[in-house]
């Protein structure tokens, strides 16, 4: 579909069959040559060879290559100082350009030039996924990753992305990836996938980037229901009766999955739910409520830090979960729970907490089966977002607030006991 | 066509009808706010307001706005120095990120954030077109333009572009733009356009960017002929008989037009001819010769600098033209003629020079009617390009070289006389 | 667009390049052979040759060919009688099939087999257009035309047609045909066309058949207005200010054109206006009124038959026009005016008559400049249609009815005078 | 994909939501009314109701409905005679039209009018599939089926069909149907399907009709191989190594499946293989051989009729199989084996017979595991087809002819024994 149009006739037909890698230079030399060349055509050939070599490397060779980028293609502090002085002495376009170039490590230009090769964007995303395996332990590679992130933020900015429905009429090779990338409630077969896409009361939407047209970047799965559901197993049951989309009053965002490890920390998902909600509201005027049914992935580990196990009693569980969502913060002041952070940052409200809502092994393990509905009230998301972003205020129903108060008391009692 | 797929369902239907510009802050404040916000949604709204305000501004207001970007959103040299020292003292991701941010003027992030607004890319290109009116006279604005150019080089890199045929089955609103943007041999009506697109022996190809899907960036018009033509008026004659594409042995690139003033000096046209030639060669195996029929825009003015007028004698004209193309250089050593620079940089050869080849007013004025064929020999373009790029060697036929030698003699005689 | 998908890869690329017409038989023999063969491939080749020969014929040769079809490929009455008796004696599938085949002239099967050739449908439509030049004068050819009409009714039935918008993003070769086929208010240039397609308050829709994907069959042009217009020149004025589609309360169908002479009397336009109106009503909820601004093509000639000239006085003109539309009938009882017949048959109401509404030469000539609005009230079209179809009842406003009564009186006075 | 374009905007969005079946008349009355009405809109409503009612009927009610069509909507022999006389007395268009109408049962017009309803074509195909359950036992229903077949032959003629590749980028709902309709070598899972579509050395093509855009009509699966394969299990093995398409020298058509029971005996598959072969030959110039690997479904039952069991000895099996293919005929003289009939009728040659080629239960049961390659030599198919169609000549290699002679001897010996 999209891919047919986005890749040109030429590339589709594989017409630029390059003579392949007939270059005897080492990859480090090729990288230098790529940054040095001013020819688009020779640059494309170099880029293609480099990407091909990288793909074929063993993990330790890749690490060596990253080390080279991080060290040998870094910027030169002395050069920066000199260029800065020259600029200050005589600020004009030329001195500014020289300074800018000096302050930017050569590897940035290197990555940009690799990206000129057709289909390179996806390969660069994969390259960063590989790099991210080393960034925790190696500060120089972490700095290198900053360059990737900086460039990807520019290339994957929201204005370049395309939001498209994914359904049972979508190409199989895209659906393949939905199965592979589903991160919340695993899709275990094509029949399972069909149950999430084909019924009249199911929807799915994904963001795509034109240069990686076959790869969803992030997708959300939606169930259209009557009323707000309190169990994901009921929602996904094989035996459930589907309803007509027109009969539904509620849209439930029950799964949101990032697809590309190499796009970690590139933000583009924030507007996804709001866009999908706005569109569904237009198509299905009976929809009044837009809500998630979300996991609480950090509940157990947080409780354990408080010296508590996951309680068996549903009411106790709900109270502690509400308290965790409302009060557990990182040192930076943002909510500790990553899912809460995402939805609250989008302007959602903590609407309801359910016990016994996710009885899968994963659900029991991470939160004792508790789940939460985040509510997207389209008339309030901007205001909620603003208050959360500027003042750290979390929007929640009074029920949640009083549950949370109860949870605080329980913890205090325990601590006092 | 493309646009249908590239803009999402949502945006097409105009669903995100923003409340409009209800913000009482000045544009400079909005710009600060945009760079400061971390919310995607509030950022989109701010960006939309800023782009709307800019579009409505008078030219002098736009200049004032550019001044603000250039001066108030510049980088801070002291900040750079401090961040550099911190980085050197303790090089890690955080210190590197701080340094990188410090070395980059805030206006870069400002432009990147504007680009998150749907449809913004085209508006930013138009913004730069406006900016370019001032860059010759105002060094600060020239520096600002460097930031635009830097970002556009990244966004419009070859890997993101899509090459597509333009023909009589293309949408009228795209064809409108072909008429408007044709820069070499003006298209004076829809009938004229039809003569360039519909016949079996005519082709046209353009590069598009997915975020500006209705706007060609650069396009090339091709005539399929028997033999190499020596007159553009014959080539475009209303009365000419078209031939079957399969009968042609030669593809003539007779017009290449950049479409976007705001993309000046963003290089993406270099591979256009090679790609089109490669594709045509696959579809039409009888094609053996790929050649331009190009103007020599700088001939008259260069001759005048040599104290010569355009000669009437065709042979004299050809000799001087060959000499000009071979020998007239800028101080940087590259050919003085911009069209020669483009094609020789792409790896083409100076193949033949014709007198009486462009009898339009423009053609007579700039080169006394002389034109030149640059030959794209697909087996030699890489090698030609390399020798030109690295050693400044111009590839030319022996006929051209001996013509050029004759031209040199003529000039010397004249000078000696 | 459509064409890309509808013709297969194979046919698009012209891969079935037939060896051409290497057959020495006469076309009449080829026609016999085509009906006789049972091979799909040999049939396609024969069909292709026949269609090619026909296209190249002079008009008189075409007539001779039609004569052959009409006479030599007719059915055999004796064969029918025998087959009928056999069927009556022993009614089963075989005897029925023999009878059916006997009762159908061979030329029907001949036409069906021609239609198996890719792209043949359009050629057959053109063939019938040629045939229709002779059907008035030659009863045998009129009978032959019955066979074409019978088959075309089946092939062009409403269920096979596709309704699509035509706009400024449509392919130029389709727009070419809109210009050529506009039958009511001529489009005199691409700029005129643009004025009818590009503004926010203009729409156009056409029916297409998948086997003739580049050829509109019928199209309607729509103006979105505030209030019901009374002048087509105002509606199409170059200087008019367009309005936002959302501001309009009225959709005016101001031109409906059949495109294919060879599809005369194949009915598929009846649902066009109702469909377009239904769709516009969904997209633009502010639209409340769906109305035509239609010519009255038969007014002058009818008045002349009544011994009256077109009056100068606007009120007299309106009264006579209303009377003509309401009362002038063919011997079969249907309205004499073809445009009235079409819209009343669709279930529209005669809403208003205007003098001075079409000041073009054609408008003055046929109706003294008078025009009429037919109103499509979507809640009443079915009922109106039924009453018109079964009882000949014409729906009209009381104003029209009293105007018509006045017109009757005027005619009577005149006759009495 | 196709469906998006083929169904109009209006119908896609389900805009014509009919008031439903609010008609109190019986279906037989509705059928009369549909044939009687001349209004397109009222006809569409009637048709929709009738189709809806039919779909909801129990099998015996459907049979009753067919009886009604067959008997009450038959033609009237007396009417035919009278109309015939009137035509002979005065042959013109009117008398011809009256005769034609009289000789055609009303049910034909009934079916045509049902087909005007959007999406009706598929429902009519399903209706015929239901009808075919009764045609063997009920001659009147067999006659009724003739009318369906007559109309379907016209609607599904080759010129209206679209050949399209089916691959791993095809929509899942189309692939669903490939799984369901595969009739030769069952596809038992999505993974099995993927193995037939995704590898570089596999292809699949299907014919579609624009009015049933989501339904393949017939499809062929192709394996690209080096050399002619002799075992379908090897061809479809999970463990096999795929090769590059460019390396293959042979295209093997290993499965052809008709998809629509309701299109039985509507011939459109004949050109499928030739078209696919022609196209593959263009795309992959290394392909030299186009061949099937086909079952021999009638071998066992024919041998049994000859008093022979399937032999164990491979050579004996091959000889008997060759003899069966060459010599076993129906009373009409055409080959008894349906697969042989299809390919020989298309102009193929019997190329090679293999023992142990299909070791599935089905393959062992019907032919003792024997299979046959039919060769499509594109330079000879027309000639082969012609000789087969006109003279019943079967094209075979000399190896097959001598095998067949051996088979004859074996049978004679046996008989003589």
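As written, the chain order gives the labels A, B, C and D, with residue 1 at the start of each chain.
Quick note on the criterion: a residue touches a chain if its C-beta (ideal position, glycine included) is under 8 Å from a C-beta of that chain, and two chains touch if they have at least 3 such contacts.
Everything numeric in this text was worked out from a predicted model, so none of it was measured.
Trainee: Check every other chain and keep only those touching both subunit A and subunit C; list them.
Mentor: Chains that touch both subunit A and subunit C, as defined above, are B, D.
Trainee: Suppose chain centres are the mean of their C-alpha atoms. Which chain sits farthest from subunit A?
Mentor: C
Trainee: Measure off the straight-line distance from the CA centroid of subunit B to the CA centroid of subunit D, and report it in whole Å.
Mentor: Here subunit B and subunit D have centroids separated by 55 Å.
Trainee: Taking each chain's centre as its mean C-alpha position, how far apart are subunit C and subunit D in Å?
Mentor: One centre to the other, that is 35 Å.
Trainee: Where the CA atoms of subunit A average out and where those of subunit D average out, how many Å apart are those spots?
Mentor: Centre-to-centre distance between subunit A and subunit D: 48 Å.
Trainee: Give the residues of subunit B that touch two or more other chains, as numbers and ranges in rising order.
Mentor: 1, in rising order.
Trainee: What are the touching chain pairs in this one?
Mentor: A-B, A-D, B-C, C-D
Trainee: If you look only at subunit D, which of its residues touch subunit A in the complex?
Mentor: Touch residues, subunit D against subunit A: 1, 3, 168-173, 175-176, 190, 194, 197-198.
Trainee: Provide the residue numbers of subunit B that touch subunit A in the complex, in ascending order.
Mentor: For subunit B paired with subunit A, touching residues are 1-2, 5-10, 13, 15-16, 37-42, 44-45, 77, 80-81, 84, 87-88, 91-93, 96-97, 99-100, 103-104, 112, 115-121, 135, 139-140, 142-143, 145-146, 150-151, 153-155, 157-160, 162-165, 210-211, 267-268, 270-271, 274-275, 278-279, 282, 345-347, 381-382, 385-386, 389.
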